[in-house]
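Structure in structure tokens, see below.
By letter and in written order, the chains are A, B, C, D and E; residue numbering begins at 1 in each of them.
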Amino acid sequence: MNQNPTSQTSYESDNYVTINIGPSHPSMHGTLRIITMTDGETIVKAEPDIGYLHRGVEKLGESLTYHQFIPITDRLNYCSAIPNNVSYEMAVEKLMGVEVPEKAQLIRVIMMELARIADHQVCIGILGVDLGAFTPFFYLIIQREEIYEIFEWFNGARLTNTFGRIGGVDADLPDDFEERWEELKPNVRKANDETEKLLTHNRIWMDRTIGISAFSAEDALNRGFTGPCLRACGVKRDLRIDEPYCMYDKFKFEVPVGKNGDVFDRYIVRMIEMEESLKIIDQAYKLYKEMPSDAPLMARVPKVIKPPAGEVYSALESPNGELGFFVKSNGSANPYRIRIRPPCYMMFQALPELVKGEMVADLIACISSLNIIAGELDR
Amino acid sequence: MDLKKRVEQYLGPEGLVVAMTECQGDLSAEVPKKNILDVMHLLRDTPDLGFNFLSDVFGVDNLDLNKPKKKPKKKTEEGEGAEAEEEPKEKGPSPPRYEVVYLLLCLERNERLQVKVRVAEDDMEVDSLYPIWKASDWPEREIFDMFGIRFKGHPNLKRLLMWDDFPAHPLRKDYPLEGQGEERHLVYDD
Amino acid sequence: MDDWLIAIIKVVCIWVWVLLIAVVMTWVERRGAGLIQDRPGPNRAGPWGLFQPLADGIKLFTKEEIIPTKARKILYILGPLLFSLPAFSAYAVVPFGDKIILGGKEIILQVSDVNIGFLFILAIGSMGVYGVILGGWGSTNKYSILGGLRSTAQMVSYEVPLGLALLAIVFVYGTFSLRDISLAQQGTFLGFLPNWGIFKQPLGFILFIVAAYAEANRVPFDLPEAESEIVSGYHTEYGSMRLGLYLFGEYVNLVTISGVIVALYFGSWHMPYIDLGAYLGPISWGIVSFCIFFLKVSFFLWMFVWVRWTLPRFRYDQVMGLGWRGLIPLALFNIFITALFIQLTV
Amino acid sequence: MDLYFWVFASMSVLAGLFTIAARDALPSAMGLLTVFIALASLYLHLHAPLLAIFQVAIYAGAILILIVFVMMLLMAPGERLSAIQANVSYRGSGALLGLCLIGLVAVGTKGVSNIVSMKGVPEGFGNPSMFGDLFFRDFLLHFEVVSVLLLVALIGGIYLCKKKL
Amino acid sequence: MATLTHYIVLSSILFGLGAIGFCTRRNALILFMSIELMLNAANLLLVAFSNFMADMAGQVMVLFIFAVAAAEVAVGLAILIGLFRHVREVDITKFNVLKW
């Protein structure tokens, strides 16, 4: 007996073959499952079926204290845990009305941008792997490893960083950050260059990506797209600029905007964003150096956090798009309700429209380019 | 003119807004459940408001909040059987148990607004926003999954995260953390 | 009787040699991937991981052989055999050197110099697809069947440009025999160019190598086993030595294809501009010609690895489009030009 | 030499029998493949190496693959073939016709080898150059006609396979 | 020594098998294969006669039969696919109406 009736959905015609892609499939990132109905290789209908990685994060949050929930947020988008931590911390800080010291904000910016680079590297690398180009993945993943080295050496964790505390950050940047950073920066650029050389103007790559799963700006907004995928559709929206947080208004950077919203545009937007992130880190580090070395890293927050009753929503631009936390408090030490607004949740629900009429191979490319992370999708 | 005044100006006269609250700069407007589609149309199409982006939809269970303050919170961790009987009866009619919260965003002015709908336990049906914003597709399914609130007009209202014959709605406050022994409902393929 | 003995020795030797190269290729592929991708590659088994193929072989041989319950048993078992048999036998008509004179007896370094040489390769090559079909169909798995379908369509489509490219070569050399073609590539033409097929058939060479990559199911044409789309294609359900036969047959195919490319387009055992055969004794020339031939072959084997780790994969309809709308018209054009040229010059 | 004939003749007959009797589509095609290969081997024996290769390349490598391809398109892997013709008259007449044919020809050709004695074949019989000479000189018109036929078949095939006729 | 008679008998057996298959099976694809079997029987006969009469013309004829067989299969399978779109069946007894 099959537990999930969706797999038994009888489609009107036996002309089509129903193929279950996932939940265990080489190119499903995590445990996704897509029930596709195909006519030959063309997709007639694709129905995502999620929940295979559902761990009840929101329910869990209701019984933990505010600090205890930070490690849980690591497990949302495990490719870039830091923006998750910071987004949650920002939500609680907003609820408490705490102002975070500038130095802590700069450290957060530096770390978040590093995480953004790491996330984009994985996304582009995996996109390449899913389209059969293995080598760029390794060029990028080696540099991501270097970024993880920095994370590890900052607070001992590589993937699940549990970065920061409510009200600031727990540690200052180590002294030789500049050295490491100057060493890392050219390598990241070089890896990006190599990737560009191998992919961007490669005719096969262009054939495989241009015009695939194109989405209009209107549809994308209607569907709740955010982040690189929305910008690839031609909407210039970036929370870092539109609703600045963490001193992002002090940095100068470009927001790349695509045109067609296809896989190629998403790829290019991510490539350019990595470059912009490098610039942001440079500027942030410059500002950081101007700070006195004994500037506070934490705002004054009580040991046991009991925010006043109320509810706030706070969002930031995670590598994938708008990552928001809605926190409702009833005045006790446990959050009353935590709602996570994961970016790829909104994008994945548009999958049936994105891939309709495309081929199975394009479905894979589309999922990779949306950067679906099962951890934050299923929570 | 600040957002609160504008919202009141456009929604107030028609009685479309029940209450407005503000918390740390986040404005939320509670609207009557039956008018939710009208409100959303107004909010989206009025040029002065222009909330053209639906950021998120989610549910909140106010079971514990509605209870008198002095009740110890530990109650929730014990079985839900005892909990369900302890409906607060003290202060007249208690407010409806569930809330559905819509997070709206105006892209032009970067303003955010929370729109709330209260859903009582005896009438768990809300109009779906799917005709306005397709973004509400999965969030509404998830609310159905987690709270059991149904959405009228939703094209595909199935459970999203839990499997289809899961017997409970886990994000309700009376659902214990350890589960209710759903293992017995699992039937595996041989 | 002597002739029989020599033939048997040749068959055994070249068979072992080709298998050996195929084994080494599995190592080269992974070390090459490491080299290209900035990582060490396999380096645990033996120096530079040289014993890795051995370890893999032992692993594959000692694994439990599983037949899925829903598979069609006979087809499932027959699949890998039918795939690897043609692969192992196709090298019979490819030369591997000039000739060697032992005890006054002239031995040509080719198992069998038949006058229908590469028609045989074409015919045998098209047999390999049955192994893929049987594997895909016998597994009763949707991914496998998709892989089998893709493979069938791809192989049938790319045999046409392959054959047409070869036809142009026949125009140029006037024979089907690979040995005669090899012999004809000695010396130079136009005074400075080596008399190699690639200089006489540049377009034909490109067509041939593209079609050959498609026939060998290599990136960018590895759709039948595209692991990110259809898991592993036709061998999704295979394990142990049955899988090994599939993978191994593929490498043997690569050796054969590289041998054909060298024999047809890259002057076989000839060095450019210099005729070593005139300076060396009959035995040493035999050995040297063998070495030259396999140096060239190893270059093309490396190229298979190189391309694999460089290019992305095509999509199914793009592969078909390239075959039918790109390669076949070009191949026909190539034939037309070649025929015109021969008509005007001869 | 006799053994060679007997081996491949019996192989082809058995495989042919399997082809028409198999309950599964793909094994049946494999039977036909065996017939093709056995016949190709016989062609080699009959001084027609080029035809033997063509037999494998065209029949086994193209025509049968096409049939198998359509088989994979139209049928499910587990599908068993329906039994033989339900119509008794077809069934009876088919069997009768076939068996009569076999018997008749076998009886009728008794002693043919006495009539057509085996001449020795000339040097180079059946090799590509001789084949080409004949093909493009004596049979040029036929060749052209056949090429037109193939073109027509190509166009017809493409047209018939369109989604909407 | 295999004589011409041997080949004629073999060819007729194969042809007979093809004929039996064609008349008794219902699956259209098997019918195609039966036709191929019959064509091959004819080919064998041509090659055998060509060999025993030392005349290459027989072999050339076989090549023409190849071409015809290829054309037949291409068009036949195309028709079969066209039929399949309507009937969703490869059983020839189901092809029992003249027009869709």
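The criterion applied here is as follows: a contact is a pair of C-beta atoms (placed from the backbone, for glycine too) under 8 Å apart; a residue touches a chain by one contact, two chains touch by 3 or more.
All values reported here derive from a predicted model rather than from experimental measurement.
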| item | value |
| --- | --- |
| Chains contacting each of subunit A and subunit B, listed by label | none |
| Separation of subunit D from subunit B in steps, with touching chains one step apart | 3 |
| Of D-E and C-D, whichever chain pair has more C-beta contact pairs | D-E |
| Separation of subunit B from subunit C, taking each centre as the mean of its C-alpha atoms, in whole Å | 64 |
| Between subunit E and subunit A, distance of the C-alpha-averaged centres to the nearest whole Å | 61 |
| Centre-to-centre distance between subunit E and subunit B (centres being mean Cα positions), rounded to whole Å | 71 |
| Between subunit E and subunit C, distance of the C-alpha-averaged centres to the nearest whole Å | 33 |
| Touching two or more other chains - residues of subunit D | 50, 54, 62, 66, 73 |
| Two or more partner chains touched - positions in subunit A | none |
| Touch list for subunit A against partner subunit B, complex | 1-6, 50-51, 54, 56, 58-60, 62-63, 94-95, 97, 219, 221-224, 235, 237, 242-243, 310-313, 315, 322, 324, 326, 328, 330, 332, 334, 336-337, 339, 341, 345-346, 348-350, 378-379 |
| Residues on subunit A engaged by subunit C in the complex (per definition of touch) | 17, 19, 25-27, 41, 128-135, 138-139, 142, 198-199, 202, 204-205, 207-208, 359-362, 364 |
| In the complex with subunit D, residue positions of subunit C that touch it | 70, 72, 74-75, 78, 114-116, 119-120, 122-124, 126-127, 129-130, 133-134, 136-138, 140, 145, 148-149, 152-153, 155-156, 159, 176 |
| List of subunit B residues in touch with subunit A within their complex | 23-26, 28, 52-56, 58, 60-61, 64-65, 73, 76-77, 101, 103, 107, 110, 112, 114, 133-135, 137-139, 146, 158-165, 170-171, 173, 175, 177, 186-187, 189 |
| In the complex, subunit D residues that touch subunit E | 1-2, 4-6, 9, 12-13, 16-17, 19-20, 25, 28-29, 32, 35-36, 39, 42-43, 45-48, 50-51, 54-55, 58-59, 62-64, 66-67, 70-71, 73-75, 81-87, 90-91, 93-95, 97-99, 101-102, 104-106, 109-113, 116, 118-122, 125-126, 130-131, 134-135, 138-139, 142, 146-147, 149-150, 152-154, 156-161, 163, 165 |
